[in-house]
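Shared chain: chain A. Partners: chain B in the first complex, chain C in the second.
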Partner chain A sequence: MEHWSPTATIADTGPRPPSVAVRLARDPKVAVAGGFIVLLIVLAVAAPLIAPKDPLEQNLLLATVPPAGFAQAEPGYLLGTDGLGRDVLSRVIFGTRVSLTVAFVAAGLACLIGSLLGLLAGYLGGLVDTVISRLVDIWMAFPPVLLSILLVAVLGSGLHSVIAAIVVIDWTRFCRVVRTETMGQAQMDYVVAARTIGFTRPAILFREILPNVLPVLIALLTLEMGIAVVVEAILSFVGLSVSSDTPTWGGMIAEGRQIVHEAWWVLAVPLAALFATVVAFNQLGDGLARSLDPVLRR
Partner chain B sequence: MTAPRLSIEALTAISLRDGGKPILRKVSLAVGVAEVHGLVGESGAGKSTIAKAMLGIIPSQVRVTGGRIAFEGRDLLAMSGRELREILGRDIALVPQDPSTALNPARRIDAQLTDGLRLKRGLSAAEARRRARALLEEVQIRDPDRVLRSYPHQLSGGMRQRVLIAAAFGLEPKLVIADEPTTALDVTVQKQILRLFRALQERHGTSVLFVSHDLGVVAQICDRVTVLYMGKVMEQGATVDVLRAPHHAYTKALLAASPRYDRPDSGLEPTPPEVIAALQAEIARFDVGAAESGDG
Partner chain C sequence: MLLAVVLNRVAMAVITLAGVAVVVFVLLRVVPGDPVAMMISPGAGPADIAALKAHYGLDAPLPVQFWIWIKGVVTGDFGTSITLHVSVTEVLASRLPATIELAVLALLVAVLLGGSVAVAGTLMRRTAGETLIDGLNSFMLAVPDFIWALALVLLFAVAIPVLPLTGRIDPALAQGFSTKFYLAESILTGRFADAGNILSHMAMPTLALALPLAAVIVRLLKQSLKEAMVQDYVLLARIKGFGELRLVLQEALRNAVGPTLALTGVQFTFLIGGTVIVERIFAYPGIGNLAIDAVINRDFPLIQGLVLLFGLIFILINIGVDLTVATLNPRLRHA
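Our next item is the complex of A and B:
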């Protein structure tokens, strides 16, 4: 033991790694998509302050005014008006409220329920796993859009019903992914090591396994927000979402469809908003999955 | 001789998958206070099953059918989950085989090192962190603060194994089970880790059950050794005696199959077929005897 040199052989760990927040901000996908989502949140929260007009105010003399820059455009109506003379820009801005509420609440609840069941199924295995997995299998056999329309028809239209429908249908996505991920993690040596220092099963599940499932979960949650926005738009489109005096993107698309030959912008503007929002959520999910994974990150 | 810290008595286990094929055949061994006891054998000899049985993590397809594992006189196999959880970590700790998977990739080293200290010693977060830092210094890590902040993938294999050793010795256990702790490391790192391990063990007076397939490693670190083949003890004794003058044909074959660093030109000898035949006959005789005594 005399030629035991304590420092000579120890590998250097390199400079201190940047914190999670810094790494996320450096990821262009996360920065751009996340920035867009933040902008949407600001628009939704401050809609009455930002929107140039009252989104419900009708003016039949100024119906189907085209967006600024086109012939016959009216000053003050930047993105034109719809068939009832309502300001399209203001309606799109107010529409973010419903879309984002549904995105965050519905996706959040679906995530909570689905991942809890997934963690239990994946970690406990046996009968618990069998019951939960069969339930998911049966659940996924229903066509999702039809099921959501059916649910809203039964529950009655309105924001709560839309959220409930999305949660009831989409918890299975989280459950399946989290279950598989948990099963994989439960096999790892570090779980065994945690057992050998005397941790209880709930402690292992939430302290050891959950942090490893979290990156996938966050990515999935973000993707689900995009899906929730689309589902809400579909339900609005068929008139099963909130009442028609609340502006929604889906509702605007439905109205715009009828007059698309005279006033294409009534359809195009909410469609573009919907498209951009869903792309942003998907890209954010992608970027987060990459940046949060402790093994991939450098 | 004082009473052994760990005493395994006639431990017998079968595999439920292969129609009740025996995995352990009345294995007995004793580990004294501050003794490093090597458990040697080729893969499938049952070394890991013994370690797992002690830690309460025996796979579901294996069933222990007889014998006891007495730790300071108390049978670990007869304990409730709660009693065993209390002893694990505090009195018995594990140094796992593969440092690349035995640390949680999503948690920083400080969180993982302080877990046991907080759970078993009731230390506050700050105290546990101070203790963790001291532990890393004890395992010769030069920059403990940075290591504490790191994730496992930011450390080399040798560093991770030092961290795991620090975690195992951190609660000052009476018995450490080392499950091939150097197999996943390169030879130079292996040697340092073994020295470190032995130094810690001597300083704390820890008893060690050292599971290995590598006679070279066992020769470096173990006081006594048990040679296992197909779940049966072939030879047992002081390491020096067993490795210098093996009595059993299997031990001789195992030694001939080990690389000799002092004579690198000497080839490796595969186990001669007649030795294997004799071994199998011996195992068969044992099984017949065990079945008869079981019937009577």
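Our next item is the complex of A and C:
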């Protein structure tokens, strides 16, 4: 007979559920999508070591060379060259730098500002809530693409402006969700209990409510990263992002769109990279939402 | 009660639009770039610049500029476009029909496509067919209109070149129209060859805008339909001997469509926002494409007019959605 422990019978009503980390790693969606994002980060950080060519080096004698395997392909140019004879593969690899910078910095800042305002509106209610909610309404009456183009035109093109534009537009996504979540959490018994034993408002907000809103927030942040990558690509496409001597996927797509009948790969390669990245962030966000959300988990 | 809802929403709409007007006006006035410097020829002296500024009213103090602009807006006068040299109202009126036709067609395609896939998925529930639909749809949900548009370019303009890449209609055909609603006019007057030409131009931008919305509709509507299919009234109809398709379409759909309708309305505003970049990609002559040019050229009066127009469209759609939902749901109607 096994050693019998009275505490164990009280605490354990079944097999211990696996920890969050284990559950996440077991989810194939999260594993594949997360692996892809890690790969992108490695590419971005080590771009000069990995890229076969200088992404800016032009060679007009080797312009619009098709990818390997097609007629007239050139050895050494695995994914072909663009209209100025620059190596498409190297440019896509260097393009991850701008895309990921925007994904992490812009989405992170939007999350920070949006959730802070959302927490305040949801918990304090009253006038604060009215002012913040009305602000969100006015914000959302702008078409996001138009607003981002407008903002970048106002701020001047460049990476800082792109990041600022995304933050200024997309804080509302976080604000709305966090506000609703906070209002729901504020009704819970544990908040009433915390108030009864004399916790201060900031303590209740950041030590009690915030941890319970966090799972939703993390999933939302991951989804926002995918959105940020697309917005940067759109702004690069229109010519309002970083200067044209920095390779970006959107900039490559814009060039490829112009010469699509002569050299489809100049459009197809960065578009495929953008597609894979957006899908990866999205699937990761979905997987995280399911693994972290205590309600959906059951 | 419905009237109270309407009045409340209209009051909110006016406040929101006023907010939008102030935000865009202030935003544009802090721009570092000077629109006059961009339009004047090199070599012009300070006196010429001052004269031009006075001509467009850009020399007055900001509150005065705002007051003049708002007074005009209320009477339908949005000022004169700096780059196009015609009244903003005129430019908007000539470009808006193209965008309306594109957006409405895309909405129609999204609803039909999303609706039929959702019904098909419900009929195939708990089979490999449903798993396939769910799997494909989870990818579709992630892909934005910008990526769809360019993927369609590669597919239908390069790989299988069957669709025209740019424009709204073959220029030779564009002469014989008395309105700017080319598609509606050609269908209503029975000129089906023209309609076919217009549709072939609209096919790619329409699909690019419709596919993301269709994916959203599939997910929500299929979920609601599946929930409805296990309700007692469906069981009763099943006992009466109704076929499966009839159960879904006649019994479940009517009760399941509410949430999808509300969401589709909200998503329709996203679709209209998407016209900005999609029109750009296909050089489609609507207000979205115009907006990008206006911003790049710093055409203040045109940008202001466009943003207000977009804001107004968004608000009207939201009011329309609220009213439709309230009319269809008796519980909300009496709330």
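Throughout what follows, the second predicted complex is superposed on the first by the 282 of 298 C-alpha atoms of A that agree within 3 Å, B and C clash if a C-alpha of one lies under 4 Å from a C-alpha of the other, contacts with A are read in each partner's own complex, and residues count from 1 in each chain.
Here is the rule we go by: a residue touches a chain if its C-beta (ideal position, glycine included) is under 8 Å from a C-beta of that chain, and two chains touch if they have at least 3 such contacts.
Just so it is clear, the structure is predicted and the values come from calculations on it, not from any experiment.
After superposition on the shared chain, chain A has more residues touched by C, the comparison being chain B against chain C.
Of the two partner chains placed around the shared chain by superposition, neither chain B nor chain C is touched by A:202. In the superposition on chain A, contact of A:69 is made with neither chain B nor chain C. In the superposition on chain A, contact of A:253 is made with chain C only, not with chain B. Looking at the shared chain after the overlay, A:267 reaches chain C, while chain B stays out of its contact range.
Contacts of A:126 after superposition on the shared chain: neither chain B nor chain C is touched.
Those residues of chain B whose C-beta lies close enough to touch chain A in the complex are 55-57, 84-90, 92-94, 96-98, 101-107, 115-116, 119-120, 140-143, 146-147, 149-151, 153-156, 158-159, 164, 167, 171, 188-189, 192, 195-196, 198-199.
Here chain A touches chain B in the complex through residues 1, 4, 6-7, 9-11, 13-14, 16-17, 188-190, 192-200, 207-208, 211-212, 214-215, 294-295, going by the rule given at the top. Listed in rising order, the residues of chain C touching chain A in the complex are 12, 15-17, 19-20, 23-24, 27-28, 30-33, 138-139, 141-144, 146-147, 150-151, 153-154, 157-159, 165, 269-270, 272-274, 276-277, 280-281, 288, 291-292, 295-296, 298, 303, 306-307, 310-311, 314-315. Contact residues on chain A toward chain C in their complex (touch as defined above): 134, 137-138, 140-146, 149-151, 153-154, 156, 226-227, 230, 233-234, 237-240, 253, 257, 260-261, 264, 267-268, 271, 274-275, 278-279, 281-283, 286.
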